Every structure is written in C-alpha cells, then in structure tokens.
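Each structure below is given as structure tokens.
Below, subunit A partners subunit B and then partners subunit C, in two separate complexes.
Right after this comes the complex of A and B.
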C-alpha cells in the first residue's frame, strides 16, 4: 500500500453537525492548487463549493463468504475506477462518509480490492467530534464508538462550546477508547493541513510508533491513598452516595513512598475479586488484607477500624471518596492521607469500545506469534477494529511491524534495532468486547521463556 | 505463425489519437463507421472508407463512460458523467437528441440486438427507450447501483446485475420476472448467444454462471482468477466462454452443457496481463489484447497456439471486431485508436 505513485485517500467520518463539511471546505480552500476529488455520501446543510465533488449512495457489499473483512464499498469501487482512467489524475482523494457510517468497509475497500490498491493508498481515517453533543451518542451509539475507535486522527471540534473540565473528561474517555489516535482540539475545524493530510497512518514504511499511554489498565477501584495509622481506634464517615455500598480494601505497606500504591495494586485487585465482608454502620472494618463492603444506607454513616500495628496502610476505594464525602477521624481530628492516586473509571459497558495495550520486553517466537495472531483474528476479528504493533522477534535484528483493520493485516520488517535500544514489544488492539486477560495470556505464551532464550 | 509483426505492415489501416483513455469503441452494421469515446469527454467517428474523421472535443461535460452504435441503423449513443445520454447521427456527426439518464452518471447504454430499443442505467435507475430516443419505461429502482446490463440474443429480454444477484426483465413487462440470486457483487454480465446461460464476473474474482431456465441452486462458478473479470467472451455458437487469467486465456467448453468436470482450454501467448478479448461475430477467431499493447489472434477450435501476434502500441483497454469480421479496432489507455484489416 506504500507505492509512491499511488494517490492518497483520506476518509473523513463524524456525526452530522460535527464539523466535517467545515473541515472539508477548509481542506479544499487551503489546497486550491491541488486536484482533490471528493466523494460525498451525504449532503450537509453547508454545501461544498468544489467542482470535483461526486455524490454517491453508500453501497456496502458483502462477499459470499460472509467474512466481515470482505465487506467493501461498491460505490467507491465504481466511481474511483472511472476517475482513475483519467490521465490528469488527482493529487488527493477524500471520502466523506455519512454520519452513521461504519468506517471499516471504506478502509477495507482500499485493502481488498486489487484495482483500488494498485492506484490508491489509504492515508488516514479522520474523525471529527462535536465536543458538546458527542455525549448524546458516545455511550450508546455503536457508529459513534466505531468512528472514534477506527480513527488515526481525531478532531475534538467546537471546543468553544464546552468548559475545560468537560473537554478534559472527553479527552480522557477518547484516549481510553483509542489511545493510538492523534487528538487535536479545534474550533471551526481549524487545523494545520499537515496534521490531517499525508499522515501515512497505514504505511508500514513510514515511521511506526506506538503510543505508550495505552497502558492504563482497568482496575476495580477509583482511588487509593497511603495513611500512617496506629493502634488507636479510627472512625470512617461516609455520606449518602451514588451507590448503596462502597468497597474498601486496606493493604499494609512498608513505606509512605508513592510507588507503594502501584506495588500494592496487585494484591488490591485480588482482594477486590474475592468475597467481601458486609460492614454496617458502627461496625469494625477488617484490616488484615480483606475487602470490606460498607453499607451506606443513611444520610450519614460511621464505621470503625483499628490497626494491630503502627505503620503505613493503603486504602483502595471502589468509588472516588469525594462522591461519598469520605472522612477519617481519630478522636474527632481529621486524618489526612500522605499521598493518594486516582484511577480510571471502569464504568464502561461490557460491549463498549476499549483498547488493550501490551508493552513488554522479551523475544517472541515468530511461529507461535503467527499462530496466535491467526487464531485471534479468526476468532475475534469481528471485534478487533484496529491493531498495530512493533515486535522483537527472536533471531531478527530488525523491528517487526504490523497493522491491521479487522482480519486484514500488513506486516514487515522495519529498521534495525539501534545499539543500546530496549528491544520492546509494543502492541495495541482497539475494539469492542476485548478480553484483556485472554489477549495478555495469548501474547505472553508467544514469548520465549528466559531458560529457552539462554539456549 | 507465431511471428510477431510490427504494425507498419499493411494490416494496419488507420491510427488516430484522442486525448485520454478510450472508454468505448463501437462499429456500425456495415463496418463503414467506427465511433470511439474517451475519458476526457471526446467523441470520434471514423469513416473507414474515406478515412475521414470528425471529433467532438467535449461531447459530455465531464468524461464519457459508455458508447454503443446501433446494430441496425447509422446512429449511436454515448453516456456520460453529466448524467446525459446523447443519440448521434453517425454520418452527419451531430446529436439527434439529448436524453436524461438519471441523477447519477450514465454508466451503461445497450442496444437490443434487433436495434429497436436501448436500455440505459444511471445509479439504480434503469430506463428503456425506443430507437428514436423516446422513453418507453422507467423501471422501479434496483436494490443497488446497476453494475452491468445485457440483452438476450432475440431482443425479448434484458438482464442487469447488481449486488445480490441478476434480474431478468421481459421487454414488454414493467418489472423483473426473475432473480438469479448470488450473495455477492457482480461487476460484469454476459448472456450466451444460445441464450442458455448468463454469466457474471464477481467482485471476488470469480465467474458465476446461471443456466437458463434457472432452477434454484443450479448455478455454479469458476474461481481462482487473479483479478476481477470485467471482460469475457462467448463465441457465436456458445461453444466457448473465454476468460482472461492474467497472461493466459482460459476457455470453458460449454456447447449447451455445464462445463463442470471438463478441463478448460488454456491459451498461452501473451507475456503480460490480458485486458480485452472478443470472438468474431460469426467467425471462429478470438482476438485478445494486453497491457503491453499486443494483440493476439487465436483459432481455439483447432489449436491452442496463437495464429498471429501484433504489437500495436501501448496499454490496450478495448478491442472490437467489425460486424463483417474483417476489421479489428483497438483502443488504448493513452487514447490511441488503431484499426486493422484481418483479411490475410
């Protein structure tokens, strides 16, 4: 897909009213010397004033084998096939999809159709998001989620209509859904052209990068704090909150260093997966590495706990304590944590779009990796929207890079590992219903165990 | 035999140049006239007796997609990206009528073999016209854009291909009477001259065939081709269906029967991808053209060796036998048209 002679194609997605047409007009205006063909599937309120706009009915064709990756856009094949006959070809092609389109068939058209592939190459999928109104769709519209999940570039548009806090909340959510996309904040879709055109997001010969910010794993708690506690009795007060119960685990650690929160996390995750002790108001919490489920049934609730030993303890809480106005007292004096950390929400629906990131050292067995990826794509390809990775293959001095859409993928050797460079495997999967644990286990089974590596 | 001839020899009778990709070539019944269209929107008509030509530089505002000369009278049709159909007087060189094909590009115009009607397709819209250009019927919109269109040899029916199958319409009726189902996207359609088979090239590189009259699940397909089959050719007796398989031709033996279980003929003689092919209208010669500008003639009934090879020029995109079977016209990607005499 990386022939220099091929014409780049950008796919523009986003809900009606997100600012797609504004962006399109901006692209045409700022590149007026270039011959840009625009295929439009939807005529918005604002018209596009350009001679090479071709209206088309979106026609999604499945092939007989029923495989989702063979779903293509028949209208694009016909129209672009004709346009490509012209000698004075285009410099650029932009395909604007309808607001409710799934971008996969568009992307796959340039992947599975040989005639398309010969002459054109997919540059990037750009999704324009209306930062104010996206909240109406982001949790319940699969199209909205798909458009975000498939994107290489996301424009958070109309930022002038939302507060900084709202914008940050959206950014965090989008980052979790698609950590690979480059996210830009815009007003009136105002953006530098080089950030959206000729991005080469599908080109393995371009510099392949994996965003390491993908590794925020989901945890069953939202907050953790280190306290210095002693053998005296404490009371913990909770106001009424969004949930009739609140889970809290107390874990003993060695110091007040902040990284202890990270160190204790594994144990806390284990505790949160186990049975909890139901604790009603005025009762004592279990402090010996156990999970307490506090019953929050009054306007004001107070519980007690007592440590067996002086030292540092971490409280991992299911909800953010602010939601319950949580306070800890000792003899009516407030006790403050020495440090604390917030974790991401896990309130996603089961079928929601998410990402699984892998970032690990070690050498991979190419054959095992190949078998595992094949298995994964055959069994989960429908749910995996995009994937991208840099791999350290045993016996190969070059990075091995791959990327894909559903079950279609490209893979090849990349540049040499540099002297002193950490040979890491970095992979990201974006999709729905992703089973993090299964993917992690599958990947780890492809790593060569250190004993074998020595041999 | 098998000797490669250069085009300077006396077989080449005419050569002319348009500005862009030749999108259509079509002969008049008496083979006196050849008309051609280009992706730049030009129409060119060549009088092969006097060698005079006339050219319209912008016959359609944007490119021309399809072109068809009447099989009976001296007039022809062009369909363009402007959504218009033009009916031309071949001899006078002017437009007789301009017709509305629909709101999309006009991608197909096809005459009935008896020359009484023509059908046009624009997006999902199929229209039937009289030879004079009067609208006879507009059919209900097809489920998806019409990808290909063809007529039955006796002009009583036509068939169109779209996503999910082929529909057959009797000329005097207003809607299709039969669907030949196939869950795929058909890109080309050919009705055998004996009317016993309809075959289509599919999006996933197969030839799908429905025997007629069609019984459910009696259809079959030939797969394994390296690319999509936009071009195929039946010989006049429907003995062979010729299909391009990269640089080879695969000829399935039909003669009224299903070719399952029979080995096809393979003709090797090109050294690069075959882009166009056609059998003579009545004779038995098959002509094929490739992307390096070679034309090869075959006589598949008696030999799998090439009869003759010519180097015509550059990448060929179309090839048409004149109705008298004596002349052969080719069109190329860069707009060159060559006419050859095949009397030798």
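Right after this comes the complex of A and C.
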C-alpha cells in the first residue's frame, strides 16, 4: 500500500480524556523535523497548538447500503483532496478521531481510491487507553472495543493512576482482544516517536510480523483425559452425536499427573489447527501426536487404535464425550481414564471482541484459500475488523502476506522462504462474534492433505 | 474476483482516470470537486457480483452513482446515463 513518495497517515483514536491530545501535542512539539498536518474532529480538554490543524465534521458516507465494510469518511476525502494540492508544505498527516468513532470508515478511506493511494499511505492506527477509566467502557461500549481491536499500537496511558495488578489485568484482556497490537505503558502519553510514527503497520513491503496469540484461553476442545494404555488393540465406540464428526487428538505424556493435561494443551491446540486424518468406522486412529477426525455416520460407530509403547496418553476431544456416549474398550472391558478435565466452551461472550490465531505448518492450496477467504469476507466481513497473515502457498517459494480492514484487502508475495526456515502459516483475525471452530475448520480445509492423511 | 490475487495488481488506473474524466465532463464538475471510483463486491441478494461506485464529493453535497458491472466494463455511455441514475 505504500511507496517512498507517499505521505504517511496515522489515525489516532481513544476516548475523550484518554490522553490523545496530550500525545498529539507531544508529537507536534518533538523535534523530528517533520511538517505535520493534523485533522481533528474533537476538541478535547487540551487544545492543539499548531498552524495546520483542520477541523473535520465526521461525515460517514456509505458506499453501499448500510454495510460498515463500505463506509468512508466523506469529510476526510474532501480535506485530504485539498491537502494534496498543497503537498509540498507538509510530510505527515495525523487524523484524530472522536472518542466515539469507529475507526473502520477512517481506515477504509485510504483504500477507496487510487489517487488517494498514490499520494498517501495509512501508517498505523494508534489507540490511547485511559487505564483507570477504561473499565467503565471496555465490556459494554462497542466503540471502545472497536478502537482496541483496530489498533496497531495501543498506549496504556495514565499508568500512575492504577496498581500493578490492575494494569496486568488490563494488559491481559487487551492482548486477548488484539494480540497483534504493540502495547506500550505510558504516563502523560510519554513515548518515543519511533514507536508511533512510521510504524508501517499497513505496509506489506515492510517486515510483516504476526502474533497469532495462540495461547489465549479459548481452546478448540471441550474435554481431555489421561489414560494408561498398552500395546494391545483398543476399540473406541461413539453413538450418534450433535455433529457428523468428532475430532480427537492423542498426545503422549510422561505421567498420570493431572497437570499433564495443562502441559499438553499447547500441543493439542496446535494439532487441532492442523490438517486432520479422516477416520471412518473400523479404521485405526493415528496415535502419535495427530488429529483424528472420526466420521460418525451410524447409530453405533467403532474405531480402533493401538499404541506403539505402553504409557500414559491424553485424549483431547472436540466435544464432551457424553454427547457421543464415548466408550473405550479392550477385550470388551471398559477402559476408564485416570483423570480428566472439562474445558469451558468458547462462547462465553458472543458479541465480545476477540481474536483467532492460526499458527501451523503445511502447504495451502491457493485456490481453496482464495475461495474460503472470499466466502469468509462476504459472510463475516462486517464482524472481522482486522486480519493479517503470512501464508505458505503450494508451489510458491515466497512467503505470501496479506492484511485487511473488514472486506478491504492487500496481498502479495514478499520474500523467499529462507533455507531451513519453517514454512509456517500464521494468521490472526480480530473481530466480534468470531467462531473459532468455524474459522479453524475453514482454514484446515485449505491445507493440502498428504495421501496418507485420507484413509 | 480472486482476493488472494492482489486486487491492486489488476491495473484499473487507466479506466478509472477515464471514468473520472467522463463524469467530470458529463456533470460539469470543476477540478476542485473530488471524485472517487471504487469497485465493490456486494453480498446483498439481487445485486451484481461486482459493482462500480462513483462518488462525487461536492463542497456541500455528496452524490453516489452505482454502475452494475466491474470497472473494466464501464464505458462512456454508462456515464452518459448517470443523470437518470442519481441516488
């Protein structure tokens, strides 16, 4: 989206009183030698003293009927158009939005027109958060959630007003909502300029880094149990359940201690994000750190498995086994787990902002990925605020990078995979009502399965 | 429209410039008026897959026109018909 000739634009968001204007004044006073134009539509408690402050009146313009993905800021388009005519007089633009603004129309304004793109490039969205008062809004204000979700850089400001414990709680919450943003803690919005200006967050030619935030609390399985298993054959029986398939990952562990379930969680999450082995009744499950997708197509279904070594194993199951009447037998004797744990299912706050991270090896089928992303954006584009990814496309020796705001999208190959580098797919989606399971499955369906994987 | 094939790689800039020129001439707009031309994929039923949206940002008024086809296929006669399609 950017080349050397374009003027960078930073969007500054945050609630009134968060310290936005303090930050803006710092930027303007800093001796960086840049001539900055400020477009402001909120006059806060602190005035901005600058020769090029332009008032804006937040005219949200819908390019299409009522879809947030197609809204732009009409006032900004006018102002920017006029500014471009006096281009030689400044070299950076900052757009300060009102505390109640949704950042999407502002960001989308910079995608809407070629001429705009030729002359300006969106650098980053910066959100200033009042660490003390944000708790009044963070769970019930969609504007507050959107500002956090859209941000590339988040300043947790006014840290002198809260305890270390409160700050940590807030930081964890914000990281779960938006693992991709760089978070800095500040007092009086005091921060190095190079952390907030020329960040190049939207520039696919800059070094693209993804933090899928895979270790957040949501897990793609509902139950896990430790079994002591030996080298003899077992059978696993499932009745009909709420889903035509049931995913099960088997992970080897060293002991029967209950904390092994927690220790194995990270590997299990990874396995659940990878291509699964399709297992029909009467077939054998993969038992060495693999994800099995059991086809449940009859009233009673029986599958087999056999361990290579005696020892302790954890079964992580997509659904609670009670939903499928799951039983494990050896020679017609029931095998009971030594211990088990239930995981809270992921739909605790249906409309809350969250993120879904994917971090997996494997090659992607470009056409399938293209169709899936197309489908996802057509159907969920309104709820997906930001997305960013690095992909390993089959037949392409270069990393494929993409990023977008709602349905607007930039994508390109960036650099060659280095010799010995793990060719990983890393994607993060940030938005509301995100269905982790659906996104994970959709992504998995684009991975190329090895011949062995389809039994 | 294949999204992963970067939409920006498809060079529509010439036709975009032409569409802007035709619009400016047809509606007698001065050079100060900003015109944007955008291709949108609409998810709504009964809408064409890809539409071209022309927006005219006058000083006190914003006008929007939709042409029900991709930008590549927009021709001068589509712009000549704009007056009757004004939203």
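Assume the second predicted complex is superposed on the first by the 311 of 455 C-alpha atoms of A that agree within 3 Å, B and C clash if a C-alpha of one lies under 4 Å from a C-alpha of the other, contacts with A are read in each partner's own complex, and residues count from 1 in each chain.
Keep this in mind: contacts are C-beta pairs under 8 Å (C-beta built on N, C-alpha and C of every residue); 3 or more make two chains touch, one makes a residue touch a chain.
Because the structure is a prediction, the values reported are computed rather than measured.
Three-chain overlay on subunit A, with subunit B and subunit C in a clash. By the touch criterion defined above, A:412 reaches subunit C but does not reach subunit B. Touch criterion met: A:378 reaches subunit C, while subunit B stays clear of it.
For subunit A, the partner with contacts to more residues, out of subunit B and subunit C, is C. Touch criterion met: A:57 reaches subunit B, while subunit C stays clear of it. Of the two partner chains placed by superposition, subunit B and subunit C are both touched by A:77.
Of the two partner chains placed by the overlay, neither subunit B nor subunit C lies in contact with A:139. Of the two partner chains placed by superposition, A:359 touches none, neither subunit B nor subunit C. Applying the stated contact rule after C-alpha superposition, one finds that A:402 touches subunit C and leaves subunit B untouched.
After overlaying the two complexes on the shared chain, residue contacts for A:114 are found with subunit B and with subunit C alike.
In the superposition on chain A, contact is made by A:86 with subunit B only, not with subunit C. Common to the subunit B-facing and subunit C-facing surfaces of subunit A are residues 59, 61, 63-65, 70, 74, 77-78, 113-114. Residues 19-21, 23, 39-40, 63, 65, 81, 104-105, 107, 123-124, 144-145, 147, 163, 182-185, 203-204, 227-228, 333-335 of subunit B touch subunit A in their complex. The part of subunit A that touches subunit C in the complex is made up of residues 1, 59, 61, 63-65, 67, 70, 74, 77-78, 81, 112-114, 116, 366, 369-370, 373-374, 377-379, 381, 400, 402, 407, 409-412. Those residues of subunit A that touch subunit B in the complex are listed here as 55-57, 59, 61-66, 70, 72, 74-75, 77-79, 82, 85-87, 113-115.
Subunit C meets subunit A in the complex at residues 1-9, 12-13, 16, 34, 36-38, 40-44, 51, 53, 55, 57, 59, 62, 64.
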